[in-house]
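Multiple structures follow.
Below are two complexes that have chain A in common, paired first with chain B and then with chain C.
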Partner chain A sequence: MSGIAKEGTLRSVADFMRSYLLVVLIAALVIGTAIFEPRFLSGMNLINLMRQFGPLIMVALGMTFVIMGGFIDLSVAGIINLVAVVTISLIQIVGQVPALILGLAIGAACGALNSAVILSSGALTQAEALFMTFGMSTVYSALALLYSHGSTMHFWDINKSKSLFQAIGAGKVGPVSISFLIFLALLALLWLFQTKTTEGRAIRLTGGNKIAAELVGIRIRRSIVVIYTLCGLMAGVGAIVLFSRITTAAPVIGAGFETNAILAVVVGGTTLKGGNGSVLRTVMGVLLIILMSNCLNLLGVSPYLQVVAKGAILVFAIWLDNRKQ
Partner chain B sequence: MVLTLRSNPLVGILTKQKALPFILVMLVGMLFSKTRFYTPYNLLDMLNSSSILLILAFGVTLTIVAGGCDLSIGGILVVSGILSIKLQPVMGMWPAILCAIVFGLLIGFVNGFLVVHQKTEPFIITLGMGLLLTGVAQQLTDAHPLPSQISDFMMISNGTFYGLPNLVIITLVLFLLSAWLMRYTQFGRNLYAIGGDYEVARYSGINVIRTKWLAFVLSGGTAAFAGFLLSSKLNTGSAIYGDLTALVVNCGVVVGGTSFAGGIGGIPQSALGLLAFGMLDNVMNMLDITSYIQILLKGAVIVAIIWLDSFAQKRKREAI
Partner chain C sequence: MSASSDSELIISIRDVSKTFPGVRALDKVSIDVRKGSVHGIVGENGAGKSTLMKILSGVYQKDSGTIVFDGEQIEGTTPQQSMKRGLAIIYQELNLVSTMSVGENIFLGRFKEMKGMRGSHAKARELLDSIDCKVDTHKLVSQLSVSLKQMVEIAKALSFKSKLIIMDEPSSSLTAEEMAELTKIIRQLREQGISIIYISHKLDEIFEFCDTVTVMRDGHAIDTRPTLEFTRNDMITKMVGRAIENEYPPRPAKVGGTLMEVRSITTRKLKDVSFTLREGEILGFVGLVGAGRTEIVRAVFGADKARGHSVFIGGKRVPIRNPRDAKRAGFGLIPEDRKLQGLILPFSVETNISMASMDNFSRFGFIRRSLEKGIGERQVKALSVKTPSVRVPVGNLSGGNQQKCIVGRWLEIAPKIFIMDEPTKGIDVGAKYEIYLLMKRIAEDGGAIILISSELPEVLNMSNRVLTIFEGRITGEFDPAVTAVDRIMASALGMKEVPA
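Right, the complex of A and B next:
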């Protein structure tokens, strides 16, 4: 009797570990690092951690919807390059508020163009989307290079007011940075969109089974347009937060964002097969990546080995995710 | 009439092959340009500079035909290239090269374990593996280029044999070897069967796991071989060459007509796909197109050809 009960508890512990592995991992990381390196829990470091919720989380939130819809988007790197160089130069030409709006519009337009290319070809698989968006990324990056003539643009070259971007980059409300507040607001909006709207549910059903979704009357073409446009828009937000923070925009600024965003989404537990997942899970995924690099930095591990650790975590997370099914 | 047209092999090739018409367009177009395109020197140079990507494509084709794909080849390429130089002072040139290739086979083995045995999604798991290996490469070289100290090493890729560059000869031999492997051996035919329908292949008694696993091991091995050839060609090992290589090669294989659905395509098609990329580079250089426009055109060509491929598949679905 007690043996069965014990087995039951053991199994429920195992179940808990499996479904909340990420939370357990994050807790273990925090406790482990706090013991080895007391500076980890200092106020400075916590503020530093909050600042890390910057460009990557924005891009990853958009990517979540694409992956939930059963597709993938490698073009975010190209979109970030393009939006960053165009927006920073527009501040000088049209002023800061129109520049911000136009920058976001370019991001969304690039995303919409991706969906147009995918829809017109009738591609239904992730692999086809992977290579098409890779090609599109190359095109956007080339446009960014052509537009900027390959040169880096700096904030100090702009003599018009750029207070809005300076606020996004370095502003604070009390101890909380403005970019963190932007992240919270966007997260709330996207979470409502995902859980409370029919479109959000339609995206998940599209990802689950495209043909079945179409048969029950879900407009999968609309879902595909929505996910890519949203992803492009969020890449635009990421680009603006990124160049505002580092006060320069180079046409290669977005390199690596596509892999890291996919990494964050998948590590968070949104499966690549599509059909399930959540923006909240992506936040957990990003949190794990941020905490990991913060811990490794504090422990003095070389940045190259951190790349190794990221790759290993990605491989491990996918393997684990696969075993669950 | 339609039937006879369909059964005509030439028409069949032209409808399935997107790379070949593209190559023909470039070849005809260059007839009218006043450049040095049609000189033996340039044509050999074009083959020579495409050779590394071609060798990578031969291995990747095995995995794609079997219904997988391999995006870790960029990482394997750089790490094995660095190993083949870094191990030279320790053990001499040839053992170092051997170690680099064994390393590639090992990574392929791990990829195969994860993808075939554990049934994970191949493109994301190999992407992760590629990321991991890029980190290893940076750590090994401290992100600096690493030159080789042995002068013979450089001659492997840069030497010539009766006027032909060694790299071109090596590529040709590997081409024939892998084409033979895919077409005339049981292993190759089994790969097509597995890519065509995994379950049917399993029930017809093919050892599906071992066969597909071997495809990943061989892909890792060829990537490592290409890695040491690249290091020899440049006489340096560096972590930066792997960044986009994997995507470009997998894309080239698909452009050539080896479908991601598995079971369709082959080595000659992949060679055409990668040659189309190589020729595009060469033609754009000949026409003095600036590098940014070159990137733009290359991206557009990738999108256009994959678009055509998907569109053809959609038409086929609708026809049924």
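Right, the complex of A and C next:
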């Protein structure tokens, strides 16, 4: 029987590695870089890290629900473009608080539109959703270009009060940035939504098996509307955090966010097959990606090679996910 | 066990063990198969039959033990290597490329060796002729019936000059005639000196053509003997580990007044279907696969769109637009395909059981975990689901236990009308009986059941009343207790003149 016992230990080590691979990787990355490059732990660098965390994590948190529900959303780049240019110009027109609210509403509306297109076409597979939302992304991006005439807007062009956005972009409470506090609050809310609400459960069931879920009376169409609307809303939040930080909004500001968000979600361990996943995992995924690019920067690795590393990690994450099954 | 020298054996399995997380799937299993014999393997789902076969073919690796195939010890093999070595396996869910032709499927990946497509088709023709199969080698596999696909698989196995062919539940979706055809081919293969391992739940087949039988239970090879030395009861007792008196419990006794009335469902496949269901009754639907049995219940349940469809419960019209409405109106459904439509395989037993009754353990849209935990535990206990805990993925359980989880999911909300579409498909004898008892209990508690089954004895023995369905219409209504089977079958086959 000792054979079995030993096998059991080996297996639990393997299980541990699978579940906590990410934590191990992050720890290794931090320790390794700190040894080779002491600047890594400097206050400046850590603040810089926290700031980078902002926009991507917002988008990735929303994306987590779409992927958990068994779908995917490539339109977040387009939504970010549109929300950013419209919101910044609205500050001048309607004032900052209405601008903020309208900006978020546009993000949510774009997401809801995605779900409406998907549901009305009946294209309920992940692959179909991929192409549908890719198409919608170009639509939103084009609208952003049309609206802005292709030009970039700056905070200094606005002569009305923009203190709210300046606070989001650079404000601090003690040593902690306001955008980080926003992130913590949203994370807590979304985590509650994911784990404690019936809608959160419905999303997981839909992602796990749409047909089975529908046959026990789960409103899968509603779940699809919810995940896309939420994802659009969070892309809107990401857009606002992003342009507030860099104080300008170009109509191409969102480029690349869709791939990075999906990367973060999948690397975090939310399965592309739908069903299993968590916003907490996504936080780890984002952390890993940002830390990695920061470390590679500090170590002087070529940016081209960094792109290769990102791609490799995505492939590896999907590979690992499939090996688990 | 009769001693036979090693040279007479095509395969010798010695003390093979395999453990999966939490399950000892095989425990020191030893089986010898003689050359040129048909060796049956029977056992309940979860007995380890499929695991053993997957080890033989190289899909899984054994943890310990030895396997000698045709005088050669096998270690760390892959399915491709096994094929080349002469060990072919034909799975229940056939492994063909449906968008390619018959000939292409047989020589998939070997076109070069066959000197191109023309050679492949010619050789395929030859192989198919050798088993009396007339199908055109240029036909797409997607256009073939299940039995023809099986023939293609057999031809493919022959193309590798297989010495041993393993058939995993080959009969589960065959008609009686197709089965007779398969029986003929199996005998023919045996005459050619090819050995066959035949896995099945159906004892009739085992007794018909197997030379030797191994009974497996809980990962052990319980007994191996010449078929003639077994009696039917003997075999069932060994399979389930206890004696089973009857295959079916008596029908529910107290049938009350009308519970539900369905008026004129019409869909693309159904023509003006109307019927009633009474309290405490089991109503059986009899018909060929594709006759529209499943379509009727799906339309009633709101899973498919239907025109001019009205369901009356207790005399009142209930609008059912989707499964959610159906659930609210007191319906429960065990869908036809357990894995595709019933379960979320990677999710826990608990989540799979609780998913229909979310309203019972939530308030204001928030889940109350303490209540949910009780649900999983309660149903697992009530239905004696065999599982190490409610937290393991439901996909790890055997077929019968998976089905119990689906039943339990609905029992939690106590539906008045329970629709069961092939509730015992792919489930072993012992678990079947338990499901039958459950059905009886549901009916006797005042519920009603619509039962669809392709196993005629099951519908006839369980139902108080059966409706025959042919080409989307109801063609007859019978009391199975007093009606001859051939009259019911004739009606299900759409014959006007019903033999007396």
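Rule of thumb we're sticking to: the second predicted complex is superposed on the first by the 314 of 325 C-alpha atoms of A that agree within 3 Å, B and C clash if a C-alpha of one lies under 4 Å from a C-alpha of the other, contacts with A are read in each partner's own complex, and residues count from 1 in each chain.
The rule we apply is simple: a contact is a pair of C-beta atoms (placed from the backbone, for glycine too) under 8 Å apart; a residue touches a chain by one contact, two chains touch by 3 or more.
Since the model is a prediction, treat every value here as computed from it, not as a measurement.
J.: Could you say whether A:Ile211 touches chain B, chain C, both of them, or neither, answering first, second, both or neither?
T.: second
J.: Decide which partner touches more residues of chain A, taking chain B and chain C as the two options.
T.: So, of the two partners, B touches more residues of chain A.
J.: In the superposed arrangement, which partner chain does A:Leu119 touch: chain B (first), chain C (second), both, or neither?
T.: So A:Leu119 meets neither chain B nor chain C here.
J.: Let me test your reading of the model: by the given contact rule, A:Trp319 touches which partner, first (chain B), second (chain C), both or neither?
T.: First partner only, chain B.
J.: Contacts for A:Thr259 in the overlay, against chain B (first) and chain C (second): which applies, first, second, both or neither?
T.: first
J.: Quick check on the superposed pair: does A:Ala105 touch chain B, chain C, both, or neither? Answer first, second, both or neither.
T.: Neither partner.
J.: Look at A:Glu199 in the shared chain and tell me whether it touches chain B only, chain C only, both, or neither; answer first, second, both or neither.
T.: The answer is second: A:Glu199 touches chain C but not chain B.
J.: A:Val301 in the overlay: touching chain B, chain C, both, or neither? Say first, second, both or neither.
T.: neither
J.: Following superposition on chain A, which residues of chain A contact chain B and also contact chain C?
T.: Dual-contact residues (chain A): none.
J.: Which bits of chain B are touching chain A when the two form their complex?
T.: Counting only chain B, the residues touching chain A are 69, 114, 118-121, 123-125, 127-136, 138-139, 142-143, 247, 250-251, 254, 260-261, 292-293, 295-296, 298-303, 306-311, 313-314, 317.
J.: Give every residue of chain A touching chain C within the complex, in rising order.
T.: 3-4, 7, 11, 196-202, 204-205, 208-209, 211-219, 275-276, 325
J.: Quick check: in the complex, which residue numbers of chain C touch chain A?
T.: It is residues 19, 21, 63-64, 301, 303, 322-324, 326-328, 333, 335, 340-347, 351, 355-356, 358, 362, 365-367, 409 of chain C that touch chain A.
J.: Quick one: which bits of chain A touch chain B in the complex? Just the residue numbers, please.
T.: 74, 117, 120-123, 125-128, 130-132, 134-139, 141-143, 145-146, 150, 259, 262-263, 266, 272-273, 302, 304-312, 314-315, 318-319, 322-323
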